[in-house]
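The following blocks contain the structures, represented as structure tokens.
Next come two complexes, and both contain chain A; in the first it sits with chain B, in the second with chain C.
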Partner chain A sequence: MTKVIITVTSSVNDEQFKSICDGLKRKFGNDLSFEKCVDDGIIGGFIADISGDIYDASIISQLKKMSKHISIG
Partner chain B sequence: MSEFKLDSISDFLKKRIDSYTGGPTHYRLGTVTKTGDGVVRISGLDKVKYGELLEFDGGIYGMALDVDEGGIGAVIMDNADTVCVGDSVKGTGRVTEVPVGDELLGRVIDPVGRPLDNRPLNCKKHLPTERKAPPIIDRRPVDTPLETGILSVDSMIPIGRGQRELIIGDRQTGKTSIALDTVINQKDTGVICVYCAIGQKASNVAQLIETLNSKGAMSYSVVVTATASDSPAMQYLAPYSACSVAESFMEKGKDVLVIYDDLSKHAVAYRTMSLLLHRPPGREAYPGDVFYLHSRLLERSACLSEELGGGSITALPIIETMGGNISAYIPTNVISITDGQIYLESELFHSGMRPAVNTGLSVSRVGRTAQYDAMKKVSGALRIELSKYREMAVFTRFGSDVDSATAKMLRRGECLMQLFKQQKFSPYSLFEKVALLLAYKDDMFDDIEITEIKPFCEEMLTFLHLNCKTAESEIMSTKSLNERTEKQITDSINSFKESLANE
Partner chain C sequence: MGDIVISQVAKDLIINIINIVVLFVIVKALVYKPVKKFLSERTKRVEDTVKQAEEKLIEAENTVRQKDSIIAEGESKASAIISEAEDSAQKNASAIIEEANKKAEQIIEKARKNATYEHDTMLNSAKEEIAGLAINISEQILLREVKKEDNQRIIDDFFAESGEDK
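Here is the complex of A and B:
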């Protein structure tokens, strides 16, 4: 059983969280256990930590990436 | 007007936002489990490559150097104090890189390419610091000289473009001066110089940059520096970065001169890193791959074939010995890798012979192929004469009587030693070197006091510059010496001597 830590904002409800979990299960198989971590600092989206493999779909890191892209290209 | 500016700014921003291709990202994250002395252990980053650049919390960079199942050993390049146990580490997927290109000329950078002269750097291209040396098929033999402007070196230990010539000697024997003289002599030759300072005092580097600036040599030079206060990882990286900078110029078909000052400090920095990473120590506590450390660096010097542009990298690595011991571990290693060495002796230095080149122990394995015709003609028997002189000088030290032939030989030898004395930062041109050696060859110094030879030479050269212009321009353009020009020069020297006698 692989433990997956999913970071989301407090506005995410149980139904939305479950759909994220289902999506990850489709991609990585059913052998996953989920843990929810709430952090409003990510603004929106989610970050999934699958034992060191990070899938970052948060708004904050996209904003950071965009600001870097605009400033240096 | 301001409206137009606003428009153009917003247009620019819109364009940049349009070209942004974002989306979710995937990366691997590890955790620092141990830290100390600039070395960290990391767990969790199991797909990291050897030498990969790692990003710690707070934008600090490190390099993965120990990759095993239990975790990763990495060295931190910047301030190691801010990295704590529990910090997360991101693998960047890139190896260490350095900016390259013409924008670097006249600049001072650190080994990862950050400018150290308070001006922004606008390089568009980057190259990894570790690159493979050019294969055999891409190389051609070394055949063009790289003039140092130092009479003793250019006449007896000629350096060719693409050669690796070691400068070795104790501290304070003028190693850096020889390298600097060579850089200064490359003015108007199209050769680009890269000076790499490793583990040196910052004050020395500042002084050196000042010298290069005052001699107008900075316009064709790049300085890559990791001073003694920089982390061992930075000092380790410095020569490889300098080499990558040089390679970018070589690949454009240019001739490049790289100076690694000095590789003994580089080996010490690598030893520090290796011991902290718990690699087994070998002889003198250096790790097992200390030979490979320098051989892979110096193999990157090359003379590329015409199809690849015909560029070259000439390397002048510097090694500092302890008490004149050239058979220590690192000196013997580097001597065996390079194509010859210039050996500087503190005894000669203190007896007033500057540059203190010991011509007996110095060699150039490329030899005469890397010498201009004019130089070949006048420097033929210098080495043999000098070695005979040294041998005889030892025997006659106690004031024994000698026959006239030996006395003549001793006299000529002393004369030559005087000729080889040369002021710092005042390189001789090819014409000047040829004229001096021609005068020596024709015994023109025989009636001059030994102590008067040097001032005589300086006056003679000034006279020749004024009165021998056609010969000078011919030698400088054709690089060869025919009988007519030879006669012209000897005649001028004779008339100069006559004018002195008449005064």
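Here is the complex of A and C:
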């Protein structure tokens, strides 16, 4: 069983966390176990760490990409 | 009687002639030869003196010509040295001016590069600062404004965009 660490904000409720887990199972199969990690620093969305593979759907990540784009552009 | 007188006159004449001859011989022997010798020696001395004077004159003229030649040669050498020095100075001056121009161009080019670098650095710094400020402001706003529905939409969008391929 593959362990998945999901980072979310404190505003994410159980229903939303479950929808994240369900989505990941659809993508990677049912052989997954989930651990919830709360970090309000990500502002919104989630980050999934699947055995070292990072799937980043957080707002803070989007902001950092935008900041980098502004700096380069 | 007449014969005797003539005879006496003849004798006197002969004696006188003999006296003259003897006197001539004596004078020639005692006076003429020494005087002639003296005059000859004197003439020779004068000729030698004149000859020496002519030689000295020629020597003096030669010396003057040598001096003139040496002076002319010296002037020629001095002129050549001056000309060479002027050429050398001109070449050195040209080289110094050329070197100075090169250094000036290098300084200007370096200053231009530095100015460009400073400009780019300041511009990038300003961009980063503006971007940082924008992100900070965005973070502060989003921390307050992100709601449950927003989170759900982000989750849905992620799985919709990644689809079934991942």
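Please note the rule applied: the second predicted complex is superposed on the first by the 73 of 73 C-alpha atoms of A that agree within 3 Å, B and C clash if a C-alpha of one lies under 4 Å from a C-alpha of the other, contacts with A are read in each partner's own complex, and residues count from 1 in each chain.
The definition used in the following text is that a residue touches a chain if its C-beta (ideal position, glycine included) is under 8 Å from a C-beta of that chain, and two chains touch if they have at least 3 such contacts.
Everything numeric in this text was worked out from a predicted model, so none of it was measured.
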item: Partner chain in contact with A:44 - chain B first, chain C second, else both or neither; value: second
item: Which of chain B and chain C A:65 touches, first, second, both or neither; value: first
item: Chain B versus chain C as contact partner of A:26, first or second or both or neither; value: second
item: Contacts of A:16 with chain B and chain C, given as first, second, both or neither; value: second
item: First (chain B), second (chain C), both or neither touched by A:53; value: first
item: Between chain B and chain C, more extensive residue contact with chain A; value: C
item: Intersection of chain A interface sets (partners chain B, chain C); value: 45, 55, 57, 66, 70, 73
item: Complex interface listing, chain A residues touching chain C; value: 8-9, 11-13, 16, 19-20, 23, 26-28, 40, 43-46, 55, 57, 59-60, 63-64, 66-68, 70-71, 73
item: Partner chain B, residues of chain A touching it in the complex; value: 45, 49, 51-57, 61-62, 65-66, 69-70, 73
item: Touching residues (chain side chain C, partner chain A) in the complex; value: 124, 127-128, 130-132, 134-135, 138-139, 142-143, 146-148, 150-152, 154-159, 162, 164, 166
item: Touching residues (chain side chain B, partner chain A) in the complex; value: 13, 16-17, 19-20, 22-30, 44-46
